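Consider the two complexes below, in which chain A is the common component and chain B and chain C are the respective partners.
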Partner chain A sequence: MKVGIPKGLLYYKYKPFFNTFFEELGAEIIESPDTNKDILDLGSTLCTDEACLPIKVFHGHVEKIKDKCDLILIPRIMQIYKREFICPKFCGIPEMIENNIEDLPIITKAPIYLFSSDKFFKWAYETGKILTKNFFKIQKAFERAQNEQKKFKEGINDKGYALKVALIGHTYNIYDTFINMNVKNKLNKLGVGVITHEVVDDNVKYLEIKKLFKRPFWTFAREYYGFISYALKESLIDGIVYLSSFACGIDSVIVELIKLDFENVPFLLLKIDEHTGEAGFDTRIEAFVDMLSRRKRGNLA
Partner chain B sequence: MYYLGVDVGSVSTDIVVIDENYNVIESIYLRTKGRPIKAIQEGFKRLEGKFKNSDILGVGTTGSGRHIAAFLIGADIVKNEITSHAVAALSLDKDVRTIIEIGGQDSKIITLENGMITDFAMNTVCAAGTGSFLDRQAERLEIPIEEFGDYALKSKNPVRIAGRCAVFAESDMIHKQQLGFAVEDIIKGLCEALVRNYLNNVAKGKEIKSKVFFQGGVAANKGMKKAFEEALGMEVIVPKHYNMMGAIGAAILAAERKEKRTNFKGFEVADINYATASFECKGCSNLCEVAVIKCEEKVIGYFGDRCGRYSGKVAV
Partner chain C sequence: MKITFPHMGNVYIAAKFLMDGLGIDYVIPPLNSKRALEIGTLYSPEEICLPFKIMMGNYIESIEKGADTVILTGSCGPCRFGEYAELQMKILKKLGKNLDFIVFDLPSDIGFDELKRRIDKIALKSPKNKKEKVLALLDAYKIINLIDSLEAKAKYKAGYEKEKGECKRLLNECKKEVLKTNNPKEAISILKEYHRRIDNLKIDKSKNPIKVAIIGEIYTIIEPFSNLYIEDKLMDMGVSTKRTLSPSWWVYNTVLLSPLKLTARKIRKSAKEYLPIGIGGHGQECVGEAILSYKEGFDGAIQIFPLGCMPEIVSKSILPSISKDKDFPILSLVVDEMTGEAGYQTRIEAFIDLLERRRRYVLSRS
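Showing the complex of A and B:
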C-alpha cells in the first residue's frame, strides 16, 4: 500500500513517528515535495479564503500527492499535552480536506491524543488496521515509531554569532523555508544566530510559566512564553523575531502576551501570507538587525 | 564636495545632494510609476549639468528599490528605510523621540532614545492611511492632492469616517457625501480616521514621546499634521525636507563612511539604454520570477531569484 504524507503543518515535528509507523507496516511512503509555488497556488485555490497560510499550504500538499497513493495521512491532532490545546483547525482538518478536495484516496481521520500512550495507540490501531489485520504488527510498529520520535533532535541553536535572536513561531512556519522565505538564512547572513524553543527543556518552560496568572490554554503559548522568559533570564538572546501567519488566532494572543511581559526586549513581528515578494520582509529584518547591533554598540553611527 | 542619497520608494523616487555639513543642496522628487530605473535616470539627467562626477564622494540608497538603485548607480552603502529615516531626523534634532513616517504604501513608527532606535513597527497588510489611498481619494473628490490639507483645515464640524480599512473608509465617505456633508468636513473626518487607524494599528502599544517628527510624503498634508496634534495633544514637527528624509539619511550614511573611495558610476547612467524583462526560472519547484536588466542586449543584472542562481553571477 502506498501511504501519502503531506509535508505540511506538524509534519516537521512528527515526521520520524509517522514515517516509521507506516514503513513498519510495510507501506511505501510517498512524501509530497517541499512547499513550492505550485503547492501554494493549489492550496490557495482549493482552500477557503479565511484559513491561514499553513492550512492552505497543507491543502496544496494533499492535492499534489492524492493521485499517487492509496491512503493519505491527515493527522487530526487534538491535544499534545494534558489540559492544554492546540489550534482548533487541527481538530477539523480531515473534514476541511474532504470538503475542499475531490477524488481523494482513503484519509486517516482518527483523532490523535499525544499525551498518553494508550490514547495515542487508539489512533495507531484505527489507522493500522487499514494496512494490516495483525494487531501485534501494529503494536510493534507503534513502539518503533515512538522510539524513533524520541531520538529526533528538534530545534535550532546557532553558535558563533555576535548577535542572537529567539526565532518564535509555529513549527510549520519556522521549518518551511518556502513560506518563511528562509528567514533563518537571512538572519544568519546579517550575522545573527537563531535559537528556537525546542532547545530548552519542557520542565524549564513549565517553571517559567508559573508567574502567569493562569496556566496557558494553548500548548504553543506555554512553550514560547516559557522559552523566552528563560532565554532572557539566562541572557541567551538579544531580541525576539516572531513569525506569524496572517490571521492566526493563537498568535494574536501569544504576541500580545510576550510584548506586554517583556516590554523592553527588541521584538520583530513578521507576518507571513501569500506574498512571495521579499522586499518588505528584508527591510524589516535589516532594520531590526541594525537596531540590535546599534543597541549593543551603544551608538547610532 | 557632495554626497548623493537616493530613495526609491513605491510611489516616489527621491534624490538629494548634500554637502559635508549635511545641508541639502539639491533635491529632486519624482514619481516612480513602477519604473525605478527610468525615475533614477530622469533624476540624473537633471543633475548632470549641475555637478561633476568627481564632486560626489559617496552614494547611499534606500527604499524598497534600494538594491536595484545601488546596482544601477554604484552605491557605497545600501540601507533600509527605517535606519535612513532615523539618521536623517537625528541629524536635524538629536532630541527626537518619535518618528511618524507615512509613505506611498507603508507607514511606520520609529521610537528613539539617546539617539538610538529602540523600537519600530510598520503597517502589516493594511494600507489605509498611506499616500496611495489619500491620492485616490483626492482624485475621486476632484481636489488636487496638494490642496487636500487646506480643505481639512477649513472644517468646523468634521464628519466621522470609518478608519479601520481603506475599503470601509471609502464607502463611508461616499455615503456621507450622498447625505450632503460639506467636502471639507469629510476630508477632515478622513484625516482623523486615518490618524486613529495609525495610532491603533501601526503605533499600537508604543509610547509616543515628544519630540515627534512627521515625515514621508503624507506629511505635506496639513490636515494630517493637525489631526495628529489633536489626537496626541503635543506638537508634531514636520521637517523642511519631510518627503526627502529617506534619501537624506542614505546620503548622510554615505558621508559617515570611513572608506573614502566611492563606487559611483557617474551621472552618465542617465544616458544608457536599459531594458528590463522577466522570466520564470524553471531550475527548481520554487519557480521564482526573475527580473533581468539589459543594456544594449547584454544582460547586466538579475533580481528576484531566491537561491542566487542568477543574481549571484551578475556580469558587471
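Showing the complex of A and C:
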C-alpha cells in the first residue's frame, strides 16, 4: 500500500514517528515535495479563504500527492499534553480536507492524543488496521516508531555568533524554509545566531509560566512563553524574532502576552502570508539586527 | 466594590437582577455601540477576535462609570476565550486601570476550592443571608430563561404577525420596562406579562414565512451589536428566525450539564456524520444546528462568526458539503470591526430572495 505523507503542519515534529510506523507496516511512503509556489497556490485555491497560511499550505500538499497514494496521513492531533490543547483547526483538519478537496483516497481520521501511550496506540490501531490485520505487527510498528521519535533531536541552538535571538513560532513556520524564506539563514548571514524553544526542557517551561494568572491551556503558549521567560533570565538571547502567519488565532494571543510581559526586550514580529514579499522581509530583519548590534555596543561601552 | 461585566445579548438583564438580589453595587456597561467598539479596538491586539475588542470597550466604558471589578466566565475549551482574561487584565493594567477580575472557570479546571474562593469574593460583599443569596441566584436564572424564551418567541412569530412590527415592538418595550425596576420578583412578573402578550398576539396562520436558523460562533450570534442586528433585520423582512444558542442555553449546557458530559447531546449527535469530534468553541454545535434546522424544515441557515475565528473556519469548510448533500442553502457571514452596513444588508437580502425564489420554484413544479 502506498501511504502519502503531506509535508505540512506538525510533519516537521513527528516525521520520525509517522515514517517509521508506516514503513514498519510495509507501506511505501510517498512524501509530498518540500513546499513550493505550486503547492502554496493550490492550497490557497482549495482552502477556505479565512484560513491561516499553514492550513492552506497543508491543503496544497495533500492535493499534490492525492493521486499517487492509497492512503493519506491527515494527523488529527487533539492534544500533546494533558489538560492542554493545540488549535481547533488541527482537531478539524480531516473534515476540512475532506470537504475542500475532491477525489481523495482514504484518509486517516482517528484522533491523536499524544499524552498517553495507550491513547496514542488507539490511533495506531485504528490506522494500522487499514494496512494489516495483524495486531502484533501494529504493536511492534508503534513501538519502533515511538523509539525513533524519541531519538529525534529537535531544536536549533547556533553557537559562535555575537548576537543571538530566540526564534519563536509554530514548528511548521520555523522549519518550512519556503514559507519563512529561510529566515534562519538570513539571520545567520547577518551574524545572528538562533535558538528555539525545544532546546529548553519542558519542566523548566512549566516553572516559568507559574507567574501567569492562569495556566495557559495552549501547549504553544506555554512552550513559547516559558522558553522566553527562561532565556531572558539566563541571558541567553538579545532579542526575539516571532514568526507568525496571518490569521493565526493562537499567535494573536501569544504575541500580545509576550509583548506585554517582556516589554523592554527587542521584538520583531514577522508575519507571513501568500503575499509576503521577500524584499520587505529582508529590510525589516536587517533593521532589527542593526538595532540589536547598537544596543549591544551601547551596553558594552 | 462596584461590579461590571461584559455584554453578551440579554446577560446584562439577568446580571442586573442578580446584583440587585444580592444587594451589591454594579455598573451595567452602556449598551454596545460604535464607541465601545472603537475604544475596544484601540486597546486590543489587532488580530484578536471581535468579541475581545467589544468586551474591552465595555470595561473601559464601565470604568468611566466607576466600576472596579469585572466578573467574567472563563471557558476552558481549546479556544481564545479562555485566554481573554489574562490579556485583558494585563492591557488594562498597562493603561493604569487597576480592575479586579473575578473569573469563573469550571471547577474541573481550577478546582472547587479556587472556585469557591472566587465566588466568596463576591458573595461576602453581599449583606444578604445565605437563603436570600440562593434565591437571588435562582431568580436570575429564571430571568435569563424568561427573557431568552420571550425573545425566541418574538423572533419566530415575527413571520406570522398580522400587524407588521408588533413582535419587535413588544420585545423592545419589554426590555425597557423590565429595567425600570430593581426588584427581581417584579422583573419576573413583568417578563411573564410580556410572555402573555406575545402569546396572545394576533397571528396569521396562513402565512408561510421564510424560516431561517442562525448558527455560528456563540458571541457573535448572541450579541446583536456584533452581528449588525441581523435578527432585527430579518424580523423587519417578515422572516421567522430560530437560534438555539443563547445565554440560557449556555448556562444550562456549560454550567449544569458539562460536568456530566451531557452538553448539547442532540446537537452533537446530529453533527456526527460531518464532524464527529468537538473541536473547541462551538464549531460542532454549528454543524449540528445546520443539520437540525434542515431536518426541522427550515428554508436555510445563516452562519455568523468573527474574522479569524478558528473553530468556525473549520465548520465553514464543512457547511458547503451539507448544503450540497441536503440541498439546503447556507450563508456564511464574517464580521469584524470593519464590516460595512450596506454590503452586509445586501448579502442578507439576496439570500432571503434566493430562499423565496426556491419556494416559488418548488411550488410551481408541484
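Rule of thumb we're sticking to: the second predicted complex is superposed on the first by the 297 of 301 C-alpha atoms of A that agree within 3 Å, B and C clash if a C-alpha of one lies under 4 Å from a C-alpha of the other, contacts with A are read in each partner's own complex, and residues count from 1 in each chain.
The criterion applied here is as follows: a contact is a pair of C-beta atoms (placed from the backbone, for glycine too) under 8 Å apart; a residue touches a chain by one contact, two chains touch by 3 or more.
Given the structure is predicted, the values throughout are model-derived calculations rather than measurements.
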item	value
Fit-or-clash call for chain B and chain C when the two complexes are aligned on chain A	fit
First (chain B), second (chain C), both or neither touched by A:34	first
First, second, both or neither for A:294, with chain B first and chain C second	first
Partner chain in contact with A:252 - chain B first, chain C second, else both or neither	second
Angle at chain A between chain B and chain C, C-alpha centres, nearest 10 degrees	80
First (chain B), second (chain C), both or neither touched by A:284	first
Which superposed partner A:46 touches (first chain B, second chain C, both, neither)	neither
First (chain B), second (chain C), both or neither touched by A:213	second
Chain B and chain C, minimum CA distance [Å, superposed model]	5
Chain B and chain C contact sites that coincide on chain A, given as residue numbers	246
Partner chain B, residues of chain A touching it in the complex	33-34, 36-39, 178, 181-182, 246, 259, 266-267, 269, 271, 273, 276, 278-280, 282-284, 286-288, 290-291, 294-295, 298-301
Chain A contact footprint on chain C (complex, rising order)	45-49, 74, 76-80, 82-83, 85-87, 89-91, 94, 101, 103, 105, 109, 274-281, 283, 307-311, 313-318, 320-321, 334
Chain C partner contacts - residues on chain A that touch it in the complex	47-48, 50-51, 55, 76, 78, 83, 85-89, 91-92, 95-96, 98-100, 109, 111, 212-214, 216-218, 221, 246-253, 255-257, 260-261
Contact footprint of chain A on chain B as seen in their complex	64, 79-83, 86-87, 90, 106, 115-122, 124-125, 205, 256, 284-287, 289, 306
